[in-house]
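Structures for review follow.
Each of the next two complexes has subunit A plus one other chain: subunit B in the first, subunit C in the second.
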Partner chain A sequence: MRDPSRTLAAFYTVDELSRRHSPVHDRHPLALSATTAAFMVVIASFGRREVSTILPLFLYPCLTLALADVRPAELFRRLASVAPLILAIAALSPVFETAPVRVGPWTIAGGWLSFGSLVVKLTLTVTAAFLLVATAGMGGVARGLRAAGVPRLAVVVLQMTYRYVALLLAEVTTMTRAHELRSGGRRGVDRSVLGPMIGGLLLRSYDRAGRVYDAMSLRGFDGEYRVGQASRFGVPDTLYCLAWLGYFAIVRLVDLAEALGRIANRLAGGML
Partner chain B sequence: MHMADALVSPDVGGVLWAATLGLGAYSIRKVTAGVDDKKITLMGVMAAFVFAAQMVNFTIPGTGSSGHLGGGLLLAALLGPYAGFLAMGSVLAIQALCFADGGLLAYGCNVFNLGFFTCFLAYPLIYQPIAGDGSSKTKSFIAAMVAAVVGLQAGAFGVVIETMLSGKTELPFGAFVALMQPIHLAIGVVEGFVTAAVLAYVRSASPELLAPGATVAVSSARPKALLGLILATLVVGIGLSWFASTDPDGLEWSMEKVSGMAELEVEGGAHETAAGIQAVTAFLPDYGFKSAETEEAEPSWPAIDAGTSLSGVVGGVLALGLSALAGLAAFGLRRKPRPAGTGKA
Partner chain C sequence: MNACGLDLNAIRFSYPDGRPVLGGLSLSLKPGSKLALVGANGSGKSTLLGLVAGLLQPQSGSIDIGGLTLCKRNLKEARQRIGFVFQDPDDQLFTGSVYDDVAFGPRNGGLDQAAVRERADAALSTVGIADLADRPPFRLSGGEKRMAAIATVLSMDPGLLVLDEPSAALDPKARRRLISLLSSLSQSMLIATHDLELALELCDETAILFGGAVEAAGRSKDLLADEGLLDRCGLEAPLSVRACPVCGKRAAR
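Then we have the complex of A and B:
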């Protein structure tokens, strides 16, 4: 994503989403972070050619999207921006993995299973990361990091970065638009103005950092970035974590897709 | 060059997370020794600057394509390697969380590839010795160019090694290297040019920002400690990879030498029962997760691998459909009209 105005719009969308209230938004950030981390590890643990066994994990993003009232359109935009590179690597799998594999009644090149597996994993991992920040918010992620023992300095720098990304993105949007309007529709910045353009932004950012610090000092900044009263990790948070972690463990240890298929076959009178 | 979670295995992701946490803790210790609250603000704003400046696309003459600022090297030049590394970690965290640019499990890999190599290899070992005090424009330009290229080449090679070790794709090592390195050589040259142009402008407009001592803890960078850190990271990484490798470990190797078998087979009720329980409960058998048979046996043409049964295919589609239905049901329940005044802000 290299268009500053679109990036800024996406940034504001995530920030706005994270300020809502829902059964998911109201969970403790540590519960949301731990669930996301477990989800990521479980997805990554599946083998190179596993596809159907991973599919029951779609329950997590589907339910979270619905409960958190997040429209899938924003998620699809994220996916579309990162998918091409991974798909390019995944698309090479059928070229290099030609050994045949049986999938139901069909025989295909093994690489297609690797391709499918990568696509499924990409969709799930991008979705989970998006849902974490769209529900916990960056403030929540920072509280989760502090609760997990990450040092104050690293977390404060992360929060400062997040806060100033929007401001500087807005400035870059204005700069690039001004440049476009004066350059006869030519895309990209010429090398002769690149140094002054980015260097000028850097110097302004540097000055701004000084002004920000002065303003924060006057308001009592002591190295701690406070974001309000931290909520307690309560029973609903424990239950939320246990429920999802339990489900992930079941999906990892039991082939739910195979079991569902057998049940469907039995119901269909052995027609499959 | 940001790696996605889809390409990373838990053990590779875990090792690189551990290495990143170790480097981060070391950097924090170095930075806190000579930092005031003002520098914390500066680190945050500079990290945000790099993120925003990457949106300015630079026309590559004669190609019709564009490049942009890398970031790690510039942050190291402005803040010093330790503070630069921490700021780069922040940039990558925001990119991963807000824009899906790089995965969360792969975060350690990305910080290592884009932060470690630029801040701890390219900057103190290449840029600083060549550029010196920055009085020579030519030397500064060459230093930025070489450091950017080396940093990016090392990072691209890191991507190849991490992807190969993760085993998520069967791309041949040679083909992957031949694909990644030349592309990143070109990108490195562009990034080097942009970095050199920005540093040259800053040096002429505001030279005090790049003066020795202006950065956080640059002057206290100790090559011996850094070398030790690199070696320790490599030892830990290689050591953990050894434990996770499919080759026999030291104990198994010794047993094989002694008994002719990698694992002793013991008959008996207790052992069989324990093995049965372990087979069901083992979440990480042999430092890996329980995986399908297809992963174990490498099929060779024309033998056909029994990849997935029809039940699996049908069940997978059903699972997907049921997940969507569950989501729709939950969405419907949430959207039920509520009495006035109960909605939250």
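Then we have the complex of A and C:
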């Protein structure tokens, strides 16, 4: 099992990343949230066996990583942690879709195309979500959602859940450390201890969450999690949105991969 | 806000399991003064602080904060007068950065962005951690977390500071900084602590809780030098007032 204290540190690293300044970080949270939402909608709109047509969408995370000065390792670490889930979801496709399809000179089961498409789509979706939180921050996401008209309760639940995950991880770290120190060097948690530990964890985290809630109430929390005001939605924010929405539309309407292939072929033919 | 006084009159409180904690406790704190609340474990100190903050409701008796008698209707107004610092600063620091935590109260108070910034900057400067504003609380040391926790309530400009074990788990230098900071603040203070040296140094008055009631209340240097009283209440006299075991003399205070 991964050391929970490292998971907790990685969790807080995202908060730290979001506090930087860059051409992406400085955009209005609504611009970042809207672009991410549009990106996800475009991904979802592709057919279940499309792979090459989706690939040009990788430009968005690549350029965002570069402009926001986020180390790709930060992204890969998180992708690695969800990779088993992504593969598990996609792995069912080759099992159920056995009808053969031709891909160039090869004939393969159609399920493999669905598998590839799902892996690409889920990878892009997770990447976009990570980049949104790493650039706008959870507070920024909340501001963006509120500005987009999402009900206050839903936004508060999202923010509280995010904070509860941090609190739960902190309690897991404390408990596993206490267990390790008295487990005589054995790896993992014995089954006989696991149940009481999980129960204890829930009770401890519930108790701690109660104290955090008290601390919030004593400082005027009334059900709305106020995270400060964002700057005005300006011209650069509009241009940022329009540029990416335009690009997503082009990727959706034109098979860029095929078009680039045709151009490359023509250039190669001309040279011959 | 001006320093607030505090009056507790005949407070009775039992937990839902019927276990009585406070039985008719009365206590008074003058505006601008600092009162130490000391007592053995389970004597009701933290419960009393919870009652003052309105986190718990007494079965009977009244709590008066700066002329406002605490009840459910005026809880919000009463809490604006109180800055409650929890024993564990991790309970108090829950956002992604120190600044956001310090700004949390003023934002909820409906202040505009400039006023929030002004309050937060002033609070951070007062406790001496202005350079940590952008740091996530997770990365702070215990002493820095304690200062950040105090800044989160100072930014709300309270008239009464309620502190639960403020010197717990602090190293000697961090504890010294804390004492210097608290002695420089003008707010009234109610401090529950096991650190009797801190009580002696910081607070003019002390109340000793025992068995859910105030066993003794008065000048700190008188009460905390009474070894018989302290022993009866499960406490130990601070080293600085104890007689020298060799010559039998006491340090002059």
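The rule is simple: the second predicted complex is superposed on the first by the 198 of 272 C-alpha atoms of A that agree within 3 Å, B and C clash if a C-alpha of one lies under 4 Å from a C-alpha of the other, contacts with A are read in each partner's own complex, and residues count from 1 in each chain.
Rule of thumb we're sticking to: a residue touches a chain if its C-beta (ideal position, glycine included) is under 8 Å from a C-beta of that chain, and two chains touch if they have at least 3 such contacts.
The structure displayed is predicted, hence computed values, not measured ones.
Colleague: Looking at A:70 after the superposition, I want to know if it touches subunit B, subunit C, both of them or none. Which is it: first, second, both, neither?
Modeller: neither
Colleague: Does the superposition put A:101 against subunit B (first), subunit C (second), both, or neither?
Modeller: The answer is first: A:101 touches subunit B but not subunit C.
Colleague: In the superposed arrangement, which partner chain does A:163 touch: subunit B (first), subunit C (second), both, or neither?
Modeller: both
Colleague: Looking at A:31, would you say it contacts subunit B, subunit C, both, or neither? Reply first, second, both or neither.
Modeller: Touch status of A:31: no partner.
Colleague: Check the contacts made with subunit A and report whether subunit B or subunit C touches more of its residues.
Modeller: Counting contacted residues of subunit A, the larger count belongs to B.
Colleague: Just subunit B (first), just subunit C (second), both, or neither: which does A:208 touch?
Modeller: After superposition on chain A, A:208 lies in contact with both partners, subunit B and subunit C.
Colleague: Between subunit B and subunit C, whom does A:139 touch in the aligned arrangement: first, second, both, or neither?
Modeller: Second partner only, subunit C.
Colleague: Could you tell me if A:262 is touching subunit B, subunit C, both of them or neither one (first, second, both, neither)?
Modeller: In the superposed model, A:262 contacts subunit B only, not subunit C.
Colleague: Please work out whether A:17 is in contact with subunit B alone, subunit C alone, both, or neither, and reply first, second, both or neither.
Modeller: neither
Colleague: Just checking: does A:219 make contact with subunit B only, subunit C only, both, or neither of them? Give me first, second, both or neither.
Modeller: Touch partner of A:219: subunit C, not subunit B.
Colleague: Residue overlap on subunit A between the subunit B contact set and the subunit C contact set?
Modeller: Shared contact residues on subunit A (touching subunit B in one complex, subunit C in the other): 138, 163, 167, 208, 212, 216-217, 221-222.
Colleague: Going by the contact rule set out above, which residues of subunit A touch subunit C in the complex?
Modeller: 8-9, 12, 15-16, 18-19, 137-139, 163, 167, 170, 208, 211-212, 214-222, 226-229
Colleague: Residue numbers of subunit C touching subunit A in their complex, please.
Modeller: Going through subunit C, the ones touching subunit A are 53, 55, 76, 79-80, 82, 84, 86, 88, 90-92, 94-97, 100, 103-105, 107-109, 113, 116, 134, 136, 138-139, 152-153, 156.
Colleague: Which of the residues in subunit B come into contact with subunit A in the complex?
Modeller: Those in contact with subunit A are residues 4-10, 13, 24-25, 28, 31-32, 35, 37-38, 40-49, 51-59, 61, 66, 68-69, 78, 86-87, 89-91, 93-94, 96-101, 103-105, 167-172, 175, 193-194, 197-198, 200-202, 205-206, 209, 280-281, 283, 288-292, 294-295, 299-320, 322-324, 326-331, 334, 344-345.
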